[in-house]
Each structure stands twice: as structure tokens, then as C-alpha cells.
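One chain, chain A, appears in both complexes that follow, with chain B as partner in the first and chain C in the second.
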Partner chain A sequence: MAIKYLSADQLPAFLSSLAEKTRVVAPIKTDGVVQFQPWAAGKDVELDVLLAKQSPKEFVFLQSETFLKFGYSMAPAAEDGEGEAESASESAIPCETVDVEALNEAPAQVIFGLRPCDARGFVQMDNVFGGYGGFYFDPLYSARREATTLLAVTCREPRSTCFCTAIGGCPAGHEGVDALFTQVKDGFAVETFTEKGEAATAFAGLGDASDAQESEAAEVKLQATGKVDVPFALEGIRDNLHDNIGGEGWHDLCMRCISCGTCTYVCPNCYCFSINDELVESTGERYRVWDNCFNPLYTEETSGHNPRAAKSNRFRNRFSHKFWYYPDKYDSLLCSGCGRCIMHCPTRIDIREVLRVMGTPVGTTPAQAIAAPAAECAAESTAAPPALPVEATRAAPASPDGKEA
Partner chain B sequence: MSRQDHIREFAAAALRDGRVDYFIGWKQGHNSSEVVPAFVKDPAEVEQLVWNELCHHNLVTFLKRNMPDPAGAKIGVCVKGCDSRTLVALLQEELVDKDTLYVVGVPCDGIVDRRKLEKESADELVAISCSDGKVSVTTRQGSGKEFAKDSVLLDVCGRCRYPNAVYADDTAGPPVEEPDRKHAEPDWSDVADYENLSDDDKQALLEQIYSTCVRCFACINVCPVCFCWDKCVNRSRQPELVSQKVGPKENLLFQMVHMFHVAGRCPSCGACDRACPVEIPLYLLHRKMNKEIYDMFRFEPGTKLDEKPVFQVFDLTDQFGD
Partner chain C sequence: MADNGKTRLTAADVVAGASTARAGKLGGNPYLPEIATAIEIIQETPNIKTLRLRFDDPAVQESFSFLPGQVGQLGIFGVGESTFAITSKPSEKEFIQFSVMKAGEVTKAIHNLSEGDKVGIRAPMGCGFPVEAWKGQRILYVMGGIGSAALKATIEYTLEHRSDYAGITILYGATAPENFTYQADIDDWQKRDDLELVLTIDRDCDGWQCDVGLVPHVLERMNPDPANTIAITCGPPIMIKFALMSFQKLGFTDEQTYTTLEKRMKCGIGICGRCNVGPKYVCVDGPVFSLAELKELPDEL
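So, the complex of A and B:
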């Protein structure tokens, strides 16, 4: 695939051309806070501040989404029968009908300026809502996802809280990415990976990249990949989380947790929701809203019993879900290493620390430093996305005497 | 002896003597630009405790209902002046048991607002240090900047009337000089702009600032005096009094409920403001409520142990507004 080039001053024209046909969403700074927002001509796209506060998942998996409208109406009163007074009063009970209207709007949209970890988050949510393994297929999410094109931007300067390479990603990764923009001198080197990406980048201002631009892009990716820390070893985490389920460490780690949902709401992968009905007089709507596993009501049953009554139980769930339950069901991880949960937690609870402590074998001390892997995923960006089967999280079988091979 | 040394010494002694099961202070986070709450169980581990201009967390949060682990644990806790007022508010209503607490007051001369520093640079902050009224910042890519400390303090600090804890068992070093409270009125200048707006403009402003709220409940859960926890009316489904839907009007109602429920107990410590992941200026409504309460009742929440919160007492001489 030939690499294209878009000069930086052509970016607004490029986005405008997209905006003529579809909604364009991009990271935009308002009052010093960078968030994904609908873009319009004249708005500056913020690419220097790495990571918008939230991932763009809210544009595909809406925070609140009405999917059903309903209304009750009275059927004409039934004609009086000839029965006794008792049955006459029964037949006087009005007969209600309910009208239901299903909603599922999925306008085409392009998300520009998301990061490879954000795009990977969509791929992980696709499993859940897209019917992977014969499980549930969600028409609301899937329709919107289908209508969405992801134009990602390579992270030139990863943050200290980033750990995408530790879990099989990369600052220039293209899992789920339709086209990848890498910032080079005065512009972007543009690679497309899908038909959607081709269609979105069919813009007259895009020329072929020169050899110098191509090699600069390769160098940017390589440099960036080398800047990502590898704060824990993935291998064995799943089994160790399993073995540590009753570990005292969960209590210690969750002491400073305030049971809010910040980590899950800024996360590109967390997908839990609850469903509500709101009824005003005779008409109402059914909608779903994001929910999170730190909410004490999340698992409360109608009997009043709560299987995860303690904060430490709820805390344990988030990490076990991402690195144990989800992998068991969907054969990949539910984390893409963006580090937003670390950045925005009111008490800076650190998922890396949690995995270091609870992801090591019972009775051992967590390793402090892990050797960085070779920065190779960036060098061959047209190759297949880095495969991360669930086996990666499973420890190699221990030798019979318990010593390491 | 520095305040930090005092804290460590008090913590070690309390843990050694069995006066507390664990001691809550502050420690460095994942780098020196971050401070996080620390829970120390072993006297040998008190060296991790720090005291500096980044210790913004109000640790009283970890005393409220459902937070002590195990329930009923004896807890040592560090409080700044503003934090101590939230503790007093809880004690006034007997929502925490004084006998299970060991309180170390930490005289404070201002906490740095990390978000003000973040906004000065596109790059990530990895180190922050303070000395001689200067705050030095280092970014991930190695560039450094220096700020006058007064210019980057939390807004709440600039108007502080209680720099020393109003209630403590021990104090970490000599108290800092108190402002003249008897003769000086509180400074409410920060809500003047809001008050001068028309009703419509107020409504528009509030809807706009709450429009980005994601209902993560960080503001509610971090609030030391907001203690309903899993019984919060904002989360109730039966009856559903506050819509779970996210939108400007719904979000405004959600925040209004919080403001009214903590009125008379909230001393505007600003914990909600700092916890909000999308940086909504939550502080504004709480400050406005505090001003109203002060104007009507001359009441400052959480300042005297033997007082009751203003909405728990009734006095025939009360004057209700104009």
C-alpha cells in the first residue's frame, strides 16, 4: 500500500471535505480541556496534548441512548355483557394497548485524531456487541460502529502512563484503524488499511509521500514505540489473577478507591450499561446508560442481597474482568494500555501496580522492572495487526518441580 | 523538625502503641508530580508518608460510612484546616465515632493546583517540587518551568480562613499564622460574577458547565460529608427521582441535589472540584450556598464541635433572607 502525504495546512480542508458528507468528530480543546467533539470548520484539532480526557467510545456506544418509545392508550370500552354485577364491573376495567416504536439511528461519522489504543478499544467492544463466539449481537452498537470510520493518529510522544506495548499494542498500531496519520515534517504520512479508510482519504489534497517522508514516518513510529514503558509482564497474569482471587492484596490496593466510576467512563473498553424506563403520564421511553462495576448498586439484587457488597470485591472485578473473565470468553484482552484510568482516577489508582501485585504468582514479590521488548511493531506497519491471543496471558506450564524452565 | 517528620513520628507511635489499626496520610504517587492517599499499617512503613504542597486529598473521605476496612477500625488520619472542618461536620452529626479516631492536624500554607500547572504545558508533568515560594515543574520531554507559588495555588486556598485544623489530637509542628476572623468577613468575591448574572444567564451558565458531566459520581463519593453512599437519591430507581439519563438539565438537577444535601455541612473544601475527571467547576455552587448560609445565619460549617449543622436547629429569631 502506497503511503500518502497530507500537508498540515491542508488538514482543515480535508476535514471540511469529510464534513460535507458525514459528521466529523475530533479532539478539540475547550477551556483547557481536550475532549472529542463534533468538528466544524474553524475549530482547531488538538493533537499535541496526548489523550483527550475520554476516549471517543461515547460516539459509538452512547452514554445515554433511547432505543424504545412507548405509549399506553385505552381501547374502546368493551360492550356490556349480560352477566351479573360482579362480572359487569370486571368488564368495565379498561383495556389498555401499548404502542412501541424502536429507535436505532446510525448516521455515518468519521472519528479523526483518536489514538491506536482508542481504536483497539473499539475492536475489543466489537467482540461484546458484535456477537463474537455466538454470544449477544447488539443492533444499536453494531449499526453505529459499521457507520463509523476511524482515522487514527500515531502517538509521537507517549506518556509515562502509557503501556500499550506491554499488552500487544503500539503507538502506531492499526488494529481497528481504517487509516493511520503519522505526523512528519509539516504534515502527515497517511496509510490506509481498509476500504473505509480508502474512501475517507480519497481527497485531492493527498499526494504520494516522498521516500524521505516515508522513512521519517517509520523513524517516528520506531522512536515512539521505544518510549512506551513495559510496566508488567503479561504472561501468567490470567492464571495469577485466578489464584489470587482471595488475596489480601485486594484490600490493600483498594483502600484509596472511592468507588466512583471515573476509570470505567474514561476507559476505551469498559462497556457496562444499565437499562431504565421513564414514564410520564401515558408515554415513556426506554434507554440505556453507562453503568460501572464500582457502583454499589451494580450487582445489587432485588432481594437486597449484593454479591459484591464490599469495595474490594468490586475493585477486584474490574481488573479480573479485563485480564481474566473477558479473555476467557473473547480470546483477547479488555485493555489497550491508554493509561487514562491512571491519569484521571481521583486517587491515581494505578492499574500497572495492581497487575504487578495481583498478577504475580501467589507468594512472590512483584518484579520491579521488566525488560522492554524490541520496538518492532512500528517498523512493519503494513503487516497484520499484532496478534494477542489469550495464550499470552496464560503462563507456560510449570515444570513438575515448580521451578522455572 | 519538619511537619513531615512530625507526621511520621505521630504515625509510628500510634501504630506501635496500638492506638490505631492503620494511619492515613499522603505519599508520592507514580511520580513526584503526584501525591496519593497512603494507608500505613506497619510502623516500619511510615517513611513513605510525605507532606508537601501537593497533598490536596481530603482524607476525611476515608472515614465516612462504608470506607473503614474492616468496619469499626481504629484509624489515624492527617487533616489540613479545610479537611478538619469536614471532620467536625461529621462529628457534629455523630456520623463518625470520635473514639475510633486519632487526628493529626497539619498546619497548611496553601496547596498547589496541579491542573493549573498542567494547562501551562502540552507535555505531561513528571515532577513538581516547591521551595522558597517557587514551584518548579519538569515535563516528560525534559523541559522545566518555574511559577510563583501564589499564582498556582488552589482557588480555595487564596481565601482560607482556617489554615490550622479546628479539631485535632496532635499537631504536626507549630501552627501557621491565623487570619483575623473576628473582624474580617469571609471573602466571597469568587461568586460575585455568578451572582451578577440574570436568572436566565445563570440557568444557561449552569447547564453549560454541567453539560460535560459523565455521572461518574466522583464528586459525590469523594465528598467527605456526602455519606448516603449506596442509598443516594441520585441513583434511586424506585422511585426514580433523578433521571439516570445524561443531559444538561438532568445533570444540573443531579448537582443541585448534591449541593442541597451537603448545605450546612460543606465547608467548600473543594475535594469534589479536584476529583471531577472532566474538570467541571463544581466548587461554584457549593461556595454560593455557603455564602447564602453565612449571610442568613452567620454560620460557617464545621468550625465548632459543640454546634449543630444549621439545618438541624430551629431558632425563632432566624432571619430568612429578604
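So, the complex of A and C:
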């Protein structure tokens, strides 16, 4: 696949050409906070801040989504005549009817400026909503996902909280990415991976990248990959979480958790939801909303019994879900290493610490960083071994290969 | 797209190309309930009602089938849905039946229904009991209170296929005589000579002629022979806990012992996330579990 080039000053024109046909969503800074928002001409795309506060999952898996509308009515009386109305209502058995309409809007949209970890989050949710492994197919999410094109941007400067390479990702990963934009001098090197990516980048302003631009992009990726911390070894985590299910460590780790659920809302992979009804007089709707497994009400039953009444149980559930329960069902992980949960936790709970403590074999002390970068990243850095950060190089025996890729 | 709520929506209806997505169960919109009408409501106990419901679409009613032990989402539009065991006979073609104890918001609204009122049903869901695999064995039902609802369809199935099973015993406990559900069925069961029925109440009262005592105690007094026997229990969590201990004391293996679980649920189709016990979802992997399967799971019952 030939690499294309888009100059930075052509970006607004490129997005405008997309916006003529579809909704365009991009990271935009408002009041000092970068969030994914619908883009319109004149708005600056913010790419210097690595991660928008929230992932763009809310554009595919909506925070609140009405999926049924319904209305009650009484079946028309047999006689319509004014004078006979009273006798008619006495003789006829009142017959209630309810009309139900299923909603499923899925407007075409392009999300520009998400990071490879955000895109990988969609791939992981695709398993859940797409019926992977013979489970149910969710038409609400799947329709939106089908109508969405992901144009990701390579992470040039990974943050200290990033750990994508530890779990098989990469700052230039293209799992779930339709086209990848890598920032080079005065513009972007553009690679497409899918037909959707081809279609979205069919823009006159895109030319072929020069050899220099191609090698600069390769260098950017290589440098970025080397900057990502590898804070724990993925291998064995699932089995160790299983063995540590009754471990004291859960209690200690969750002590400062305040069950706020922020980690679940900023997570690009967390997908739990609740379903509620609203009724005003005779019409109403049924909608689903994001939920969070740290809320005690999440599992509390009508009788008052709560299978996860203890905070440590709810805490254990979230991490075990990501690295044990979900992998058992979907042969993948429910984490892409973006680190948002670390950045936004008001009590500084750190998933890396949790995995280091509970993901090591029972009775051993937490290991230092010992994983190697994932195979995909390793393959892209053929020329020279990635310059690992000091902490990582200090680490003991590297596992032979990127295990999870 | 939706025609009186009866047409199932598929992803292909809304997005060209989505038909190539991985095929899923039900093939359409699993969140869209079928409309049904209450045709008969039976007051079983002071706080339990049995509802007989008929799907408004005759084709749906005709094709509806389920396995004993499977559950369904019964909902009232504007209030919400909850999960209940299907309590009709699996051979019943005229209606689908649920037995509901008044407890929370949805069940209160269900108790307020009158004959002719409309509900939404998504069913069947989950796995049933492996009744085929149990052929040739004796079946021992141990149930308490509303737990009888979860076993009702299975009891009916094994009675309808009585010759396939070596014996059937039902131990049924309630707090007081007026709290037994399915009184009409109990009368029938008492008349049968191919079925052993033991009824017990927690505390003795005037006119009561059957056993007195908590279900696990009575079970141990009965001292059933575990040989070639499947033990199934359902009831309040505390009763299940002690019944399982009694089974163990009596020599039943984990593979011979079954229960059916209840959890707070929303989607009912293994997506929304809340009814998990470790890596298993009660709604799709259960609600039926053997004790051997339960012992593999975290202690989050």
C-alpha cells in the first residue's frame, strides 16, 4: 500500500470534504478540555494533547440511547355516536393496545484524530456487541459501528501513563483503524487499511508521500514505540487473577477507591449499560444508559441481597472482567492501555499496580516490568531495537516474544 | 420498519452492508419485545400471582417453545422489564405463564395488571435443565417459597414424561399453609401414586397435616438415597445454601446436584454486564448450574 501525504494546511479542506457527506468527529479543545466533538469548518483539531479526556466511544455506544418508543391507547369503541358513548363503554370490554416502535439511527460518521488505543477499544467492544462466539448480536451498536470510519493519528509522544505495548498494542497500531495519519514535517503520512479508509481518504489534496516522508514516518513510529512503558508482564495474568480471586490484595488495593466509576466512563472499552423506561401519560420510551460496575446498585437485588456488596468485590470484578472474564468469552482483552483510568482517577488508583500485584502468581512479590513490546511493534522496528525506557531495560528476563499480539 | 411492534428490525434494515456482520441470535432486534395480552390472572398466595399471557401475533404464539428451566423477560412498557422463570408446561401451546412475587417496582406493576392488559415479553432466554440427559434417573425436587416457580416447568415436563424417569420426589416448603403456590397442582400431585410429595411449613399451625420444619431439616429426615438420583433445588438464597450442604451430607455428588440462579438483569442476552458470576453470565450461561459448575466460580452468589 502506497503511503500518501497530506500537508497540515490541507487538513481543514480534507475534513470539510468529508463533512459534506457525513458527520465528522474530532478532538477539539473547549474551555481547556479536549473532547471529541462534531467538527465544523473553523474549528481547530487538537492533536498536541495526546488523549482527549474521554475516548470517542460515546459516538458509537451512546451515553444514552432510546431504542423503543411506545404509546398506549384504548381500542376504539364499537359505536362512535355521541349519545351512545355511555352505553357502548358499559357493554364493550375495554381493550388496551400498545404500539411499539424500534429505533435504530445510524448516521454515517468519520472519527478523525482518535488514537490507536481508542480504535482498539472499538474492536474489543465489537466482540461483545457483534455476537462473537455465538452470543447475541446487538443491532444498535453494530449499526453505528458499521457506519463509522476511524481515521487514527499515530501517538508521537506517549504519556507516562500509556502502556499499549504491554498488552499487544502500539502507538502506530492499526487494529480497527481504517486509515492511520502519522505526523511528519508539515503534514501527515497517510496509510489506509480498509475500504472505508480508502473511501475516506479519496481527497484530491492527498499526494504520494516522498521517500523522505515515508522514512520520517517510520522513524516517528519507532521512536514512539520505544517511549511506551511496559509496566507489567501480560503472560499469566489471566491465570494469576484466577488463582488470586480470594487474595487479600484486593482489599488493600481498593481501600482508597470511592466507587465513583470515573474509570469506567473514560475507558474506551467499558461497555456495561442499564435499561430504563420513561412514561409520560400514555407515551414513553425505553432507553439504555452507560452504567458502572462500581455502583453498589449495579447488582443489588429487590430483596436487598447484593452479590457484590463489598467494595473489594466490585473492584475485583472490574479488573477480572478485563483480563480474565472477557478473555474467556472473547479470546481477547478488554483494555487497550490508554491509561485514562490512571489519569482521571480522583484517588490515583493505578491499573498497572493492580495488575502487578494481583496478576503475579500467588505467594510471589509483584514482578517489575518484564514484558517485551508486542510483535506488531517489534516487526515495525526491524532496523534497530527500540530504545526502551530506563525502567524497562532494567527489567529482568524479557518474555521471548510479544505474546498477545 | 416497525409494524405494530411485531416486525423485527435487522441491522440490514438500517445500514447497507451491515448484513455481512457476524450473524447473531434471533437474527433481529433482541431488545424488541413481543406484545402479549394477559388472558388469566391467578392469585396464588397473598403476594404471588400467576399470569397467563398470549402473544398477540398468532404465529409467534404458535411457534413459541422453550426448555424447562428457561426464563423470560416480562415487562410493562413505561415501567420496565424483569426476569422470571417460565412456569407453563413446555407442551402448552395456548399461552405462556409466569409466576410473580410482588417485591419491587416492576412486580408491583405486574400485580396491578388486569385481564386484557398488554405486556412485552422477550423469551425464552438462558439454558434449561438437561432433562434429556437425566432420563432413567430419579429426580428429587427441593424447593421453598417462590423457588417453586423456577422448577414448575421442569416438574411438569418430568411428569408428562413420567415413564422416562425412575422416580419423582418433590419436597416443597413454605412459611405457612397459605404461602404455597400452585395449590391446584398440589392437589393433583397428592392424588398421583407415581409421585412422592412432601409438604412442610416452618411453624406448626391448626389444621396442618403434613410436615413441619425447615426444608433442609426435612430433607435430611427424608434421607433420600443418592444412587441414580438428580437433586434440584431452588428457593431463597439461604435455603439453597443449606439445602446444598444437606445434599452433600447425604452423599450427593456435585455433578448430581443442580440449582437455578437469580440475578439482577437488564438485557438478558449476555451483553449489559451485570448478572455475571465470574466469567459466567446467569442470563445466557445459566440460570441452571450444577454444583460442580458453581464451585468453579467466585463466591458472588
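Criterion: the second predicted complex is superposed on the first by the 352 of 405 C-alpha atoms of A that agree within 3 Å, B and C clash if a C-alpha of one lies under 4 Å from a C-alpha of the other, contacts with A are read in each partner's own complex, and residues count from 1 in each chain.
Simple rule for what comes next: a contact is a pair of C-beta atoms (placed from the backbone, for glycine too) under 8 Å apart; a residue touches a chain by one contact, two chains touch by 3 or more.
The model shown is predicted, which means the values in this text are computed figures rather than measured ones.
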Do chain B and chain C fit side by side on chain A in the superposed arrangement, or is it a clash? fit
Figure out whether A:E300 sits in contact with chain B (first) or chain C (second), or with both, or with neither. both
Between chain B (first) and chain C (second), which, if any, makes contact with A:H344: first, second, both or neither? first
Residue contacts with chain A in the superposition, chain B compared against chain C: C
Name the contact category of A:A179: first (chain B only), second (chain C only), both, or neither. neither
Is A:Q63 contacted by the first partner chain B, the second partner chain C, both or neither? first
Looking at the overlay, what does A:E278 touch: chain B (first), chain C (second), both, or neither? both
Using the touch definition from the top, say if A:C117 reaches chain B (first), chain C (second), both or neither. neither
Partner chain(s) touched by A:R256 [first = chain B, second = chain C, both, neither]: first
Using the superposition on chain A described above, determine whether A:V266 touches chain B (first), chain C (second), both, or neither. first
After superposing the two complexes on chain A, what is the shortest C-alpha distance between chain B and chain C, in Å? 5
Across the two complexes, what residues of chain A are contacted by chain B and by chain C? 274, 276, 278, 300
Okay, in this complex, where on chain A does chain B touch? 31-33, 35, 48-50, 53-54, 63-64, 157, 159-161, 251-252, 255-256, 258-262, 264-266, 274, 276, 278, 287, 289-290, 292, 295-297, 300, 310-312, 342, 344, 346-348, 350, 352-353
Residues of chain A defined as touching chain C within the complex: 67-68, 70, 72, 93-102, 104-106, 128-132, 134-140, 142-143, 146-147, 245-246, 271-279, 284, 286, 288, 291, 293, 298-303, 305, 307-308, 313, 316-317, 320-321, 324-325, 328-329
Residue positions on chain C within touch of chain A in the complex are 1-2, 4-5, 9-11, 13-15, 17-18, 21-33, 35, 75, 77-81, 103-104, 107, 116-118, 120, 237, 262-264, 266-267, 269-279, 284, 298-301
Provide the residue numbers of chain B that touch chain A in the complex, in ascending order. 29-31, 34, 36-39, 57, 61-62, 66-67, 69, 119, 122-124, 126, 140-141, 212, 214-218, 220-222, 229-230, 235, 237, 240, 243-247, 274-275, 277-279
